[in-house]
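For reference, the structures are reproduced in the following blocks.
Each of the two complexes below includes chain A, the first together with chain B, the second together with chain C.
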Partner chain A sequence: MSSEYDVERLLRWRSARAEADAPPAPSARQLIALARPWWERLPEQFAAYVERLRGQQLVYAHAATTPTQGQGPYPVPALLVRVAQEVESSARVLYLSVRDGRLRMRFRLDADSAVAEPRLEVTFVSDDQSRPLLEAVASQSTGHEYHLEVELPEWLESIWSELRVSDRMPFRFIMHAPSTAG
Partner chain B sequence: MNDPPRRTRGALNHLWFWSFWHWSVESFRGGSLLHDPVHGLASHWDEWFRHEASADERRSIARAGATERSQRAFVVWLARCWCREVELGGAPVPPAFALGQLADVPPFRDWPAFARYRSTYGAEGVSAIVLAEGSDGEPTDVRAVEAIMLPPDAEGTASAFIAEGFHASEVDLEVSRQAAMSVLAGPGLASLLARWLASGRRPYPRTLAVALALGWLAVAGMIVWLLIGPDPGVRLVPLGATLTALWCTLSLVALTTATVVVVRGWREGHRWRARLETSQVRLRVNGGLTLRGGSAGLPFCLDTLLATYRAESRARTPTWLWSQAIGGLQAHAGGWAATGVVTASGQIKPVMLEAKIRAVRQTAGVRAMLVPRQRHAQGLASPISIEVQAAHGVAGRATPARSPRGPLGFAAELRPLRITRCRSIAQAVHAASGMRNVAQLCTNLLALAVSAVMVAALPDIRDVLAPPVAPMVVAPSSASPYELWVSLDTQRPEAFVVTLESEFWTNRRAAVAPALGPDIPPRAELSLRRLHRQTFSTEEEGTVWVARRHRFLGRELIPGERVGRYFLSYLFRLPHG
Partner chain C sequence: MSVLNALCDRLVSRDTSSPFVMRDAVDVRARETPIAVPAPDVGDRSDAWLIDAVRRDPMDERALDALVARHWRKLFARCRMLTLNGDEANELAQSAWCRVLRGRTSLDPERNFGAYLSVIATNLWRDAARAARRAGPLAERRLTSLDAPMSGSDGDLAPLVDLLPDPTSLSEEERLLLATDLDEALGRLTPRHREVLIARFLEDESAAEIAKREGRSEQAVSGWVRDALADMRHHLQHWRHEPPREEIR
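Then we have the complex of A and B:
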């Protein structure tokens, strides 16, 4: 028996075993489902997250004992979804620019809940109607600051192009660390 | 064609930084950026460099960072040119802040020329003693604190206090800021001024200070002479005039100096407080600590004062008081460590001291320590060398250094540690700045004592230097044949003395007593006694002299000028009372 013949047979046998053990390839329906945004695939979870976001009231309550310099920026309520827990947090938008149909944003996560995640999947949720607006990936810059850039739907572009960074933002954040995304 | 000047060349080489700056300014103006271009320098640069810079600009930046020399050229240009041209709240941007901000963002965080700016502002301050968890007092527990002050941002969105390199309660930091403000204008300032008035160095040249001290000594000498020395007689008037003139001059100099210093310091303190109230203070303590407890309040407060002083002295020369107080503190800040909880009114509350003093004693470069006034604070600074303490174990701590043959013995020289106990921030500033001057304290005490005596003696001196007009003798006279009343028409009876000279009656002298009622003039009462051997047989023989009375704080001096002469015959015939 030649050794070449034995090796070829052995490889075929191993390949047949691997094919038999491998999970079946996703069907077209499954592929379409995977391409859908996560809130469509997991509507109950989205609803639960939105409910928690709605519970966060991050508005200024003027109980200061001394006059303040200014009203300052409005924090954006954020729900940070980690593997083990969900943390209610807030973010401050430091830079916001809508140009050529794209949104460029820089925000800083509240230091108490800051994570060392280099990337975060950020879902913008409408502040008034609690519906998802868009999804983007934010990458960490310096410290607790993240940057994201995303294409905007036309209807959002016309509204958000008027926004100033010191305005109250018409959205809230659901943030997923990559390990928990999808 | 001539080369452009060096300054212009620098700007041309770094046009990319101006591109960034204008993007930042315009974005802020357009409402896209939250913080103003200076307060948000690092964040804005990061955004611009990563996402906005063009390919050409990136190439220029890469060229600027290609060699350490070109990197240093950028650093120098930034500090000397850019920081002076860019204004924040009417003041130039502190170079240490700009360099420190950029040092942490790409690509500068990889540039060796920025390495020295990553962990320091170059603003040496009073060190804080923050014990690490489980530490019994190690040199590493003495933490360098740096503080810089930035003007408020345009939108008022920046925090009043930024903790860099550590985490602390915002409330504690705010209390430190309030305490610093109380020293600039408030109860703390009043306390500081009182301390300066009592024992602070004065803004005189040394020769003038010596001359003034000698002047006070001379005044004291003249007072002693008038009190217990030989009677000056006819020299009383020049002596009194000299004494008064010298005392007035010295008092005027002292009061004018004090008033000018206090008023200027007061005004400037209020201005500084207003600036501090609206400014941002950035405190840096490296190490990523999370502070528990408020014992770092005292150093934070002192470093906030230092930051205010540095920021304000860049714009204009500080007044003498603040140059001495906080400028003096700045000059010695590196040699001081401090611990204590502060209150918003500037009081210092007790803290745990033993381990902290132990830590400071082991730290090279720190020679003095500010602690709260509490029991055992002084005793802990006993001059025992730290090596000996370690060899025998300190406060129940196990001895770290042991030899197989037994405990080690050390004979190292003592390192003196000066511990100053303070009740208030003002006291701490006064002590750490070196304002206290023992010679001035002695001079002040002497001046105070001398002035008290002079004020008490002023009526007597007035009678000598500005005597009242000579009085007339008026009715009534005494009805008794054994008593002579000499009533005088004067408002200042204490300035006169009456003398009877007779060869029938015994000579007498009496001071004029004040009036006993509204219609009764002041008078001198002399009892009349006949001489045993009378030259004259008539009892009306005799002369009464009215003279100016001289005295100094109860000591009767020889009477002065005689201003009235009356015969007894005339006085006896005046209407009786």
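Then we have the complex of A and C:
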């Protein structure tokens, strides 16, 4: 016989059914492999992105020897990794603070860079490092502005503590959506 | 074998006067096959103990295996309810675990780990859903409708209890149909309504707790729940007067 069931109980029933249908749990080893940073899993892609950013940096170096009047700080070359393609862009650092071993930063993506993601994984790279300097998740503040806060390695803290937003930044960005990061 | 040999040598050199040690050592050498040292079972350890072992360097993989096995089904079910798709749920659950592993050194062993996993998965799903909405051609309309005042066709006093079938009284085919219909009904909800419904009834969060997390008023959250329930009832209304299984037969 049927009985009265409310939506809540049906939801619980559906959830229990989903639990019963769950695939086998991944092993620790599989998860550890999946959780490796993307540049370790895709070293060739990482190298290609860095190379592309290096080319972008040269263009900026010729185009902007000083911050453009009214445009604020130096542009930081950025590569947006989208599902279908990568898009070359740039960001301007609006606020930067290195204190107590943490980097706090606010930046604005160029207006042409339509980014739908409320969060971005930002990989900081430089020319002379084969590995990224840093990775952080940036959250959208408003419009094209994002902010992030991340713990800094000691060696970076000492170098970046003197940085000002008006300086040319010693890094470039590779940005991708957390959902595509695996 | 070299490790075993070294171990035997150490045992022999430590106490050559003990025939027990000598005999064991000789036996090990004589077998010439590696002995699988049984790993201590950590499956019955508490979450706090396992998390502590996962936090350490190097990480204890057995602890991670035990932790994943313990929480996997429930996490998958939550992800399944959110994504309404088995493959996406699997991917979302794995992504949540990856997020945990990347920040493992800052895990809090005293925290409710199951709830923590669920929150991470929900946040990942919410971000993905939000991004999809923004990228879609109807993004603005969808957002507007999410923030619209909660009118609810059933009114403010819509009862939570409804006449819906008891799954245990249905045949397997009917249960499959009901599950499909439930998924469809959930799929027709706005992402926010779906998320709130799951938080309220599957995570047992109160409206006040959801409101605090969402930065909204408790009344607003109650309105979302009410509207979501009304939508669910509407989508499932054809199940209300289904004859019981005995009559179908």
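Quick notes on this one:
The criterion applied here is as follows: the second predicted complex is superposed on the first by the 130 of 182 C-alpha atoms of A that agree within 3 Å, B and C clash if a C-alpha of one lies under 4 Å from a C-alpha of the other, contacts with A are read in each partner's own complex, and residues count from 1 in each chain.
Just so it is clear, contacts are C-beta pairs under 8 Å (C-beta built on N, C-alpha and C of every residue); 3 or more make two chains touch, one makes a residue touch a chain.
From a predicted model like this one, the values you see are computed outputs, not experimental measurements.
By the touch criterion defined above, A:Arg104 reaches chain B but does not reach chain C.
Residue contacts after overlaying the shared chain place A:Leu94 against chain B, while chain C stays out of touching range. Looking at the shared chain after the overlay, A:Thr142 reaches chain B, while chain C stays out of its contact range. When chain B and chain C are set side by side, the one touching more residues of chain A is C. Chain A residues in contact with chain B (one complex) as well as with chain C (other complex) do not exist. Those residues of chain A lying in contact with chain B across their complex are 68-73, 92-97, 104, 106, 108, 111, 141-142, 145, 147, 149, 164-167.
The part of chain C that touches chain A in the complex is made up of residues 59, 61-62, 64-65, 68-69, 72-74, 76-78, 80-81, 86, 89-90, 94-95, 97-98, 101-102, 124, 127-128, 130-132, 134-135, 160-167, 169-170, 175, 178-179, 182-183, 197-198, 201-202, 229, 232-233, 236, 242, 244-246.
Those residues of chain B that touch chain A in the shared complex are 27, 31-35, 40, 42-44, 46-47, 50-51, 104-105, 152, 155-157, 160, 167, 278. The residues of chain A lying in touch with chain C in their complex are 1-8, 10-23, 25-29, 31-32, 34-35, 116-119, 177-179, 182.
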